[in-house]
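Take a look at the following structure, please.
Residue numbering begins at 1 within each chain, and the chains themselves are lettered A, B, C and D in the order written.
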Amino acid sequence: MDNKEINNTKLANEGLSEQDRPLFCDARPQSYKPLGKYVEKFLNWARANSLWILGYGTGCGAIELRPLMTARFDMFRWGLAPRPTPRQAGVFVIGGYMSVKTLKRVIRSYEQMQGPKFVIGLGSCTINGGMYWDSYNTINRLDHYLPVDIYITGCMPRPEALIAGFNKLKEMIKAGETDGQNEYARNFDWYKANQKKIVKDWNMPDYNW
Amino acid sequence: MQEILNKLIDRYAIEPIQENRHNQAFVTIEKNRLPDVLTWLRDYEDYTHLAFITAVDYPEIEKIQLTYMLHNYILHTDLGLRVLLDRTRPEMVSIHHLWKQVATYQRELREMFGIDFPGSPGLQENFALEGWKDIPPMRRDFDTKEYSEKTYFPRPGRQTHDPKEYMKEKLYPSAKEDK
Amino acid sequence: MVNPIYILVIALFTAFLLPVFDKMGRKYSLGLFFISLAAIFDITLQLAWQSYNGVLKANIFTAGSIPPFSINLRIGGIETFLITTINFGALLAAIYLIPKFNEQKVYAMMLFLTLIAGVNGLILTRDIFNVFVWLEITSISLYALIGIRQNHKSLEAGFKYIIASGLASAFLLLGIIFVYRLTGNLNIDMIAASNTLLVTKGGLTALFLIVIAFLIELKPFPANGWALDVYQAAEPGVSAMVASIVAAGFLYVFYKLIPLLPIYWFDILILMGMLTFVFSNITALKQKNAQRLLGYSSIAQMGLLVAVLLIIKRFPLHNDLPYNLIYIAGALFLNHFLAKAGLFWLAGIIKKDKISDWSLKGNPTLVIIFAFFVFALVGLPPFPGFWAKWVLINRLAQYNLIGWIIPIVIGSLLEATYLLRWFGSAVKQEAAEPVKLPLHKIIPASIAALALIMIYPAFANSLVNTRIIFQIPLLALAMMAILNFLPFRLQGILMIAALTFFGWYIFPLAEGIVKIFEFIFIGGGIVISIVSLNTNIKRQGYYEFLLMLILSLAFIPLAKTTLEFFLVWEYMTISSWLLVLRGKNGEKPALIYILFSLAAALMILTGFALSFAETGSTSLQYLRFLRHYALPVYILLAAGFLVKAAAVGLHIWLPGAYAEAEDEISPVFSGMMSKIALWGFIMLMGIMGTRALGIFEISNLLGWIGVITAFAGALMAVFQEDIKYLLAYSSMSQLGYMILSVAMLSHLGWTTALYMSVTHLFFKGMLFIAVAGLVSRVGTTKMYEMGGLIKKMPVTFISVLIAIIAVSGVPPLSGFGGKWLLYTALLEKGWFLQAGLSFFAGAIAFLYLFRLIHTIFLGQLKAKYREVKEASLWYLIPQVIFIGAIMAVSTFPNLILKPIMAAVDTQFTSSINWEGYKVITTLGYWNGNAVMIITMGVFMVPLIWLLSRVRMVQKVEQFNIVYAAERPERPETTHFAYNFFSHYQKAMGFLVNGQVSNFWNSVSEWFHSISSMVRHIYTGNSQTYALHIIIYIVIVYTLLGVN
Amino acid sequence: MEHGLFISIIYAFISLSVATIWGLLLGGIALKVVARAHGRFGPPVWQPIIDIIKNNARRTSISHGIMYFLGPVFRIAGGMGTFLFIPFIFGSSVFGNFSFAGDLFLVMYFIFFGQLGMALGAGESGHPYSAIGVARGLSQMTAFELPFALSVISLVIQYGTLNITSIVAAQQGGLLSWTLFTNPLATIAALISLQGMNMHNPFSIVIAPQEIPIGPPTEYHSNFLGLLQTNRGLFNIAKLALFMNLYFGGATNIAVMILKTFLLYMLTIFIGASFPRFRTEQSIRFFLGVPTVIGILAVIVIAYL
């Protein structure tokens, strides 16, 4: 599968001490071209029907994820399943307000997920800060830091809204409209600059493999 | 309650006392005497529980006020000890030797108010704000809205309403027409 | 002919002449002194020569008439031997004392000469009153000599000696008076000839008084406190004389009196001797002062000699009197004489009161001398003590005196405990300041040491019919010691060449099962020794003992007689012990190891002795004809081998010995030396089969012991943090399987045992070598300090990986063959529950094996090991050889199974069929070749799939892990390694929480408590000591039933 | 070998494919059954297959080193090997597999091959949770192997052979000649072990998602995870086939095999769904208690009574 768009420049990893630098990989993220049309369509179908959610409740909105697993809403029907480790998860649900401290962890986890990966912004806070719009410690616009595939509005959105959001995401995946991973890789420097602007103690590599 | 206040007055000649309820009172003491008083209260008067430490910023009088809230599990009474610190260089004696967990409170106060507690373990470690370089955000002269707008890419098109008027408008649209 | 009376004359005459010469100057008097000593020695030598030629006249009559009218001297074989020894010793002692003589007044020399005259007189005279005279001369000069140090303590000691020997003399004189009154005679031979004395009550009392006087002079337990103070306080040179020369005199007088004693006294007196032997040794356990410790040891040896002399005279042993006298009493005496005198002189050289302050490190001469003395006292070959012990225990067994073996064994073990502990600490201790080696002191000590080793050929040749090749391990040691000047690596190459030559020579001689063991010992020895070439820095004694160890291992299976077996067995014990002792923290483990090994050796010795007693032959094959003693012999030998095999309960020596030996030695221990126990069992069971113990078959019991050992070893290995301890326990576990298999006594069982022992050599040797290489780079043996080394040491990783797959028995590697054979054999035999337990043990093996590879090679690399390199080539070569062997054996199991089965066919009829590579038993089948091919096949399919997508794989670094959305801070806190199986500890730990070591600790504690209890009787007060003597006399009097 | 090499490989391939697909579907059915028990619809039964496709369709992956890379290979090679040494369907030449190469003990020890390789691969990822998971898994494994081994020993005594085909052959001839009825104690001991082998509740501490994200495979993803999931289906069937052969009369055709493995699997699922989780030391103690005693009894009863 020779579909990698290779960019071989190394990352500087200036946030790390000299001692720590060899402990982390310094390669840049790469973007990928889709495979042949029908192959990609089939694979997208599989991706859409097996969405593994990273079990990281980043804010108060995460409380709305739990009912999804219960008998009443039963998200497993749609091939959704929670997954405890970013390596295996494919969907990152940002659950509401995002403090700077959490954002740092979110970036790390997002980068540790394997592509193709999708981000769902949950609740108003991820759109424009919501009720925390003037807080000194809460971001206002998630899409300046991560490529967001879909927003679900509300404060809080109900589980039904979430299901609708997931289904919308599935349609988008099947249609091949979700390109977050590639977008992140192509605009890597812009995202990184935004992230570094607010994350003051950047004591991690520029890209967390 | 009165008993303990009397004792305090007798022992430490403390004057300003504010008694809120029959089982809650606040006294203001000199900052250097605080460890003495706390030790005595803890060891002899059964105020074994330090509920919290909190701070209030008074830029008007150039002071920061610290409140140590103690609780007595036998009498179920609360006693707040207040200390006034100089606002330009706020510094307070650390009491982590009395209650180990106080170190965490002191870390938070250092970060949010910029109060120094020399000798407190892990004082310089991050509490919630990692790598904060501005003036401490809980100081009242820190403008959080301005900071947010400067830092967090505000999304244009945001509207602000007066909640009272807005709800009235939404819930009783007819009332408006009446005007 | 020379008249021996000149000895006495010269000594006494010169003694009185000395002051005159001293007026002319100290040089002259000293010259005269030595001339006289030399003259005495010359006379003795002439006498000895005459004695050798048989022209010696035995009786010398003085004053021109015959007894009883005058005193007569006798100079028979024993007397010649004794005075030769004594005057030789006196010469050495005099050399040692030269500076003392120089600084003291001339009286010191006079006293010395009178003392020599006294002792010579004691030995020569046959007149009982004359004995008293010489005794007085000896005693008086001695207590003056004791005071030569002229400090408070030595004067006090001399005073105590006066009291004690005064008491003795008083009793002696009384006795002599009574005897004379009764018999009208003073000549010992004549008294013995006339029975009149023995029958009357008064006569017995008289005799008792005489005997007790000499008994007291021989310092029996517990009436010997005064003697201990003498040993401790006197100048070491004088103590040496007390322990050797003077003791010899008293001992011989006692021997002369033995014919007078009534036969029913013997048992009590033997008991007294044995009590002295055992309790002196017990008391010595807690002793910290070097000279006092040696005093205890001397007293113990005297006790033993008294007992032995009485035994020789009392029991049918006297049928073969000269032989027994020479080879038991003579050997013991010589051994004690040279070693003890030497040790006292050594104490004078070191000049440290406390034994814990002794340090001989970096002083090879002293170490060798010290080693000779200590080993001789402990009774290790090739010193006379070994032969004495061998003959003595054989004789005791032969004449049905088994009861007396027990105190001898216990006493010897106790003596070994403190002496070897002392040796270990002295050798290992760093010296505070360099020891000075004055010539006058080092010469006598070295001569004594040389004499000890020179006696060896005399014993080895005339005593027994051992084949000369069984001395090869010792010769190898000597050869390597001579080649010590060569560069170290060259020594190693020479050693490997010697081994190869030896293998080429010996391999055709061996056949059957022996051949397989020779393959393990020689082949394994050659490969494992390559590791030692990694350094060129000289290590004293390294190749010497290694070669000796490997050769003795190789010789054990070749032994045809019990003595050959036992001799080489002891060589193996010594060399392996010294190798453990060489380890950095080897002192304590080495001590435990040698004590257990000696206990095992003594059990084996007793077993062999019993066998000899019944069959009258030392041939190992004669074990099969045993009838009466079959069971005890079987149990004793099996117990000895169980100790060597570190069976559960007896295993506590193993981990320390394996782990604390040097890294290059551990593979030899684990891969090769452990197999010798297996050979023991194969030999034992091959010859004797099995025996019933009550309702149990012993083989059945052994099987259970084996499987429990396998289980316990595995479980203990799980909880180790130190990599070498882990491997050591693993070896114990593996050996348990082998014992289990051998105990099955079936074709399949033995095939399993041999298959396992060969493959165990491969993978355990490889593991220990890999670990040695690893440790040489990282410098620690704690597993949790390592981690992530796979990228740094890939070859080592691969060999460890292959080894652990093989150990755990996962197909397709060779370990599975062992497991499969084991279970098939067990089920065929009908040992079902054993099969269940061994399966469990096998499963537990996964735990420690995974931990081994994970905590070292996987996980997080520590910052300090970022620059670590692969182990040096010398470590890798043997590993690669072993990897090749494992792969070959795994793919073509026939290579090894066929020869093993052919060897076992000689013992049992086969129940195995072959179909190409397929082994078929009555129960199941296994095709190692096909399994290998299929495994390779199924491995390739997914591998190819992954490799087809390898381009999309991003290679990342060690901290690129998901860490609960944090970044790992330090490798140390990210590497999960310490207390890896904590939950297993919670569930199963209670089984292995040190019950066994607690038991052995309490045994040791118990002996030490007895020791300190007994010590309380020695108050240091001369009145108490006198009281002791009186009480002792009363007790003995009562016990002997004189009235 | 009974057939030519090429035919053997073809047969093995067919056998492996059928087993893998059936194993994955079994996993899906289990999810469905549990969902229905909860009153949910649950995922479709082919969900495990979609997951595998999805994981193989991942665009990126990372590697921590060679052993990490080979870990899943070891794992699935272990699964395939184990399966291939078991005669899948009695009397069938297509599904007879390579059982000529070794007997029951080979199968029991080959199970470890994959586990060991996987443990090593997970170990190289450097993740502490992997190591913790492996430590727990291995500890628990030692415990449940004991009753199983005792049960097998009992069986070998009963049938006088280690040959799985012969054991199946001896059970032909009616329901009552199954080991289940001829040797119930051994069967019970083995079934309890099976619960542990399948790592279903109450013995699921190894993968405990709530505390150590997912146990040994915490760092595995993409293709690697795909292989592991494929192995899960295959290995499940291998174990079930082994149990079916040893205790439930084997299978003479595919339908019987499907029925028996399904029922056997459902048994573990139901037990799993009704119990909470043991801690490691608790499950070790449990296995070394009653099940071991049952196993010993099974041996004693068969051997000496």
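As a convention for this text, contacts are C-beta pairs under 8 Å (C-beta built on N, C-alpha and C of every residue); 3 or more make two chains touch, one makes a residue touch a chain.
As the structure is a prediction and not an experimental result, all values here were calculated from the model.
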Chains contacting each of chain A and chain B, listed by label: none
Centre-most chain [mean C-alpha coordinates]: C
Highest C-beta pair count, chain pair: C-D
Intercentroid distance (Cα basis), chain C paired with chain B, Å: 77
Centroid spacing, where centroids are CA-atom means, of chain B and chain D in whole angstrom: 60
Chain C and chain D, separation of their C-alpha mean positions in angstrom: 54
Cα-centroid distance, chain A relative to chain C, in whole angstrom: 72
For chain D, residues that touch 2 or more chains besides their own: 59-62, 213, 218-219
Shared interface positions of chain A, touching two or more other chains: 25, 85, 87, 209
Multi-partner residues of chain B (at least 2 other chains): none
Chain C-facing residues of chain D, complex: 1, 59-67, 69-70, 72-74, 76-77, 80-81, 84-85, 98, 100-106, 109-110, 112-113, 116, 119-120, 123-128, 131-132, 134-136, 138-139, 141-143, 145-146, 149-150, 153-154, 156-157, 160-163, 213, 218-219, 223-224, 227, 279-282, 284-285, 288, 295-296, 299, 303
Residues of chain A touching chain C in the complex: 1-2, 4, 19-20, 22-25, 27, 56, 85-87, 105-106, 108-109, 112, 203-204, 208-209
Contact footprint of chain B on chain A as seen in their complex: 99-101, 104, 127-129, 133-141, 144, 194, 197-201
List of chain D residues in touch with chain A within their complex: 31, 35, 38-44, 47, 50-51, 53-55, 57-62, 209-210, 213-214, 218-222, 225
Contact set on chain A toward chain D in their complex: 3, 25, 30, 32, 43, 46-47, 49-50, 71, 74, 76-77, 79, 81, 83-85, 87-88, 90, 114-116, 181, 209
